[in-house]
Amino acid sequence: MRVVVIGQGMAASYLEVGLERLKRNEIPDYGVPLRDWVPVKYDDIEIVAAYDVDERKIGKTAYELAREYFNSSTIPGKLKEIQVRRGIHLGSLKGLPYKARGLEEKYGLEKSIEMLVDEWKSFNADVFLNVITTEPVEPIHSVDELEARVKEGYLTASQAYAYAVAQYARRVKPAVLINAIPSPVATDQAFVDLYKASNAVVFGDDAATGATPLTADLLEHLFQRNRRVLDIAQFNIGGNTDFLALTEPERNIMKKKTKSSMVSDILGYEAPNYIRPTGFLEPLGDKKFVAMIIEYMSFGDFKDEIYVIMRVNDKPAIVGVLIDLIRLGKIALERGLYGTVYEVNAFYTKKPGPPGVKAVSKVKAFYRLLDWLGIKDPRGI
Amino acid sequence: MRVVVIGQGMAASYLEVGLERLKRNEIPDYGVPLRDWVPVKYDDIEIVAAYDVDERKIGKTAYELAREYFNSSTIPGKLKEIQVRRGIHLGSLKGLPYKARGLEEKYGLEKSIEMLVDEWKSFNADVFLNVITTEPVEPIHSVDELEARVKEGYLTASQAYAYAVAQYARRVKPAVLINAIPSPVATDQAFVDLYKASNAVVFGDDAATGATPLTADLLEHLFQRNRRVLDIAQFNIGGNTDFLALTEPERNIMKKKTKSSMVSDILGYEAPNYIRPTGFLEPLGDKKFVAMIIEYMSFGDFKDEIYVIMRVNDKPAIVGVLIDLIRLGKIALERGLYGTVYEVNAFYTKKPGPPGVKAVSKVKAFYRLLDWLGIKDPRGI
Amino acid sequence: MRVVVIGQGMAASYLEVGLERLKRNEIPDYGVPLRDWVPVKYDDIEIVAAYDVDERKIGKTAYELAREYFNSSTIPGKLKEIQVRRGIHLGSLKGLPYKARGLEEKYGLEKSIEMLVDEWKSFNADVFLNVITTEPVEPIHSVDELEARVKEGYLTASQAYAYAVAQYARRVKPAVLINAIPSPVATDQAFVDLYKASNAVVFGDDAATGATPLTADLLEHLFQRNRRVLDIAQFNIGGNTDFLALTEPERNIMKKKTKSSMVSDILGYEAPNYIRPTGFLEPLGDKKFVAMIIEYMSFGDFKDEIYVIMRVNDKPAIVGVLIDLIRLGKIALERGLYGTVYEVNAFYTKKPGPPGVKAVSKVKAFYRLLDWLGIKDPRGI
Amino acid sequence: MRVVVIGQGMAASYLEVGLERLKRNEIPDYGVPLRDWVPVKYDDIEIVAAYDVDERKIGKTAYELAREYFNSSTIPGKLKEIQVRRGIHLGSLKGLPYKARGLEEKYGLEKSIEMLVDEWKSFNADVFLNVITTEPVEPIHSVDELEARVKEGYLTASQAYAYAVAQYARRVKPAVLINAIPSPVATDQAFVDLYKASNAVVFGDDAATGATPLTADLLEHLFQRNRRVLDIAQFNIGGNTDFLALTEPERNIMKKKTKSSMVSDILGYEAPNYIRPTGFLEPLGDKKFVAMIIEYMSFGDFKDEIYVIMRVNDKPAIVGVLIDLIRLGKIALERGLYGTVYEVNAFYTKKPGPPGVKAVSKVKAFYRLLDWLGIKDPRGI
């Protein structure tokens, strides 16, 4: 699988470094849910290109950029082969303290998309990974409207990339988009339809990595006991640029949406909740602080309380998910499952596509995924 | 289902009060996992007798005893019909500050068992509920050895009651024992064999109600992500007499066993752990305090931490479980599933019988139970 | 002490009910820091009037309004004597879903202030308690400017009330204003000067009741050990109308200011922090949920972490503080300490006046307060 | 100050490494409460000898032993000069999985003490640091009884060392013993009297470093608000050999005693509590996990709860304390304050001597200590 990374940020660096080290057996595959259970091996994955719009990054190599996060001694030399190229901006970094410029500012959107498709062809890419900064996006709903928007240039960056991947799949070869961010793609009917018609697969939306999947499983635990949830609050704060971006209200709301939609799906009723990224605190770095309260009624009119505190390394969590999704992309392509695949999305994302489906607990989604893969639980239980 | 309660303590009182209030629609059925999904209704359950060996309790009614925990205004008058009778002691209260005496001290063990069977016959009982004080017990393994022990009087109280229920099933009618405490019964091959041969069913061992099932599901959550658990500590402290009894090391070890056996079963490897009732602190009453740490390796050599604090009402939690187990007893009898039923035990108990089976996460056991019952998930997910 | 309450909300109701019950010995004085150590007794306090601008409240009695929070059986009949009167609005409820109207809308501001002073005179009031909804306010700095603003009607409600109290003190008799909310009054030089010249005392600003004083004392604890604080985050969420009001950013910032100003004062250096009311979650009611992380460097380059979770009843906490402040008001008047009193403010408020002083830890402020009062620590330690 | 370390364990290694690095400005002095406020400088401290009874350690250098905990590159070469010598055993390691032998097994106790005093004279020692494994000890109360016990050899190791230091002070020069462990020395009248008569000073007992001082200050915080504490539980678990030793009940009880004695002293009434080292969990290493609950009554019959979770590096915490105590030893000697010094003990120890004094909160003790030292709070607050 030849992978193109879109958004050469922290998640990208952790993936690039981690994958290479994994292939060299320098680290175990902890955090990769499907470990060695699937026929696609870690060695089958290669990152062939990376895109960004931050002027400080374009032209640099993945190796140079990894130095912001890692000790030189642990960065594989192979990363020197990945040079960061200019992508499409469409204002996705607006309001953040970085200087950014996209291809479209020089060439217009349609031409830029064409240029990207050509570049990707030269890389013989199979998988595209969207890990750009969270941007505020609404679904487009229909392919016609989407095509119209492309013409007008009235799209967000994620949508433009998603459209470009469909073009690529149509013109070059079947391809996979992993939409790891909250922008609706796998949950936008426009893209699901377009992808089905283009021999492309999209997984998404928004990688489920930290407190949200745990909350899902705690809710399932309570549902199974018929404990009546009265309220849930879940705060999280971190010091990486992802949290910085999410201090802007319009970006923040994207996460709030993908994070709280699951509550009523899993419980079967509305439970008042407050779940969203809560703040930016630089010294916390990538190891975020999550605090949660769940109050519920137990039998006989008694109230119980659960409090959870988590310290989670944010980027390592997403890398494990991405490595699986890349490998599952291969399987989906082999099975010709164009459009999107609920069984995959349900476990790996916060807001699983296609639009209209319900969230399930992760713990349930996991067994469904194993079934879909034909894998038997190795614990024999 | 006509139910005999053995051990008229706090769990018994909460069950007696709660069940009656539930039947009168004074409280919702929160905390009862199978709610109205099974064909056996709450109205089908009737508590017909209660046994204890504490001199302060024998002869009193369930109504009088409930006043220790409840406001008179909320105790159903019906509880005046349940009078506490003398059971078998066999030293189960030894070391605790209560004066206790059992039938066997006057009549010997064999005769006492016969007397119980006769009494139970007069009640036309179907289900027996073991909620006596946790006692230190080792499995007996073979029916022959068990019979020999009955002769010698070398048994614990739980074992004597379990033996008596088998006699009852054999002589009177098929019956169910719910072993809600850690004494090995459903996990003792001697009893499983005896029950199979006696048209009896035992569910057990040790009702799974508080932090342990949650820990099981947290471990499943981590297993599913291939996060490598480094260590788990789980403390819990409460102020009910259950916690008081567990301050004695030999009793405590019974809980430690049932609680930590699941760790390696669920994770598939040994993870260092410290899981046991930790202390007694009277003002906490029945609302115990649980504190937990789980440390694990995420992808790429990063360590994460989860801390959980729970405030759980102990007795309400067990009542929901008991109400289901009574109803499931009916179903098991109808299906003629004598011996023990793993599908039931796996979800409702900490150390599921029969002996030799593995613990699974509760979240997984729940779906297995629904399958066994032929129930479809009402959320449609 | 004859007390006028301004803002007949939840804090007011809890004070009115609690004080009366305390005087009748129905409840202990837990939560009242100075308990029976000062010569002013609980019986010396009487609430004589209450003001609000919410149309639903004006004209009702304190008794009727207390029923929103308390069981009728616990509300003292005495509260029927307190009728809620119309105060000055000046937009303090703007943006909240309540219909409000102030005297000034009919009579203009200057005339309204005069009317209030006359009413207060008829009540023979000594102490005024500002517990209105948190409003966005900037300090005025000079008395001249303040007088000009009164003329132009360009004031906030807190400022108008504070001005009126000064007029009252000047014209009727020495008086005390307790400014329990974040509006700068005791920290606005304009008011401190005006009060000094008017035989009035102001205590403030913003009653210190919940997580903030605890944070102050945790920081003092770390300072004393020369542990280097790396970061602090403190979230809090509740379901009372105070939290509802604080979801508006301009109100929220008032609390953020009073809450985080202390960090550098106590530590002696800037430590990155995120401390503010975080959200509104209705079912939590008045028992807020606070979650906090403090990370610091210990000796030898090792990092430690402290996590705190609190469940605090918000209104009971402020009532204990208010009862002391009323009594301290009497002492300040007796000593003729017009203006403001740092020794009092330092312990009881989040942003102690006069302007320019530093925050100290509460634990230190407490001993200073005892010194000021001439009280010896009764523990003899 | 020439320091002799008794008990060359983890605390000793962290002190030896940390002190040297501090002197070389490789690390800041975070965690040292008195930082550069006292006239005794870090450079004035020199560790001149170390004693142990573990056969694996005797004869090794502090440098070699530090490698168990530190990377060679961070261990100062200076530690090669400290060779571990054989001390007095008296069964202090009994029950632990180490082979140990003391001087007294060969020479008898009286002769061994004499030998130690001679050795110490050759080192020209000023300060003795007791950081041996926690041992079960009862106070002796009178000097006569102590002398008798020395003759009979009926003493614990701490007592023997404490006696030897007094002999040294009497025969060689005034000296200081820092008793960092729970054995009663500064709280045993026998030693306080002996030291007074011998020109010696003892600081103790049991260094206050982790959750206990924090608990003290939380209790003070609650006392100051007249919040009525209902219960406190405080668990702590770690993976260092200190926690391993404390799994033995007789050792554990020593810590329970020093830790819970403060509750009633600080609150002024008895509050039910459960405070003690709770378990050993190897992978936690030196970074212990502490979990705490405090429940209290607020004003008006409302109950609040505080939960605290701490992750504290155990040894770094004690080193900061030891560095101060050594320096304070110098000051005490200069002032001729023989016996023990409450002002020092109150802040730095869990069970401050002399016997009979009360515990105070640390936050209060700190200001008393500054007064005693004549230091003004540099924050000017």
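Read from first to last, the chains carry the letters A, B, C and D; within each, the first residue is number 1.
Quick note on the criterion: a residue touches a chain if its C-beta (ideal position, glycine included) is under 8 Å from a C-beta of that chain, and two chains touch if they have at least 3 such contacts.
Here the structure is a predicted model, which is why all the values come from computation and not from measurement.
For A-B, the matching interface among the pairs A-C, C-D or B-D, defined by over half of the contact pairs being the same residue numbers, is C-D. When chain centres are defined as mean Cα coordinates, B lies farthest from chain C.
Centre-to-centre, using mean CA coordinates, chain C is 44 Å away from chain D.
One finds 51 Å separating the Cα centroids of chain B and chain C. The centroid of the Cα atoms in chain A and the matching centroid in chain C are 46 Å apart.
Across the assembly, chain D contributes 305, 307, 309, 311 as residues in contact with two or more other chains. Chain contacts here close into one cycle, and each chain has exactly two touching partners.
By the definition given earlier, chain contacts exist for A-B, A-C, B-D, C-D. Of all the residues in chain C, the ones that touch chain A in their complex are 230-231, 233, 235, 237, 239, 272-274, 278-284, 289, 291, 293, 295, 305, 307, 309, 311. Those residues of chain C lying in contact with chain D across their complex are 14, 17-18, 21, 27-35, 213-214, 217-218, 220-221, 223-228, 265-266, 268, 287, 296-313, 316-317, 319-320, 323, 358-364, 366-367, 378-381.
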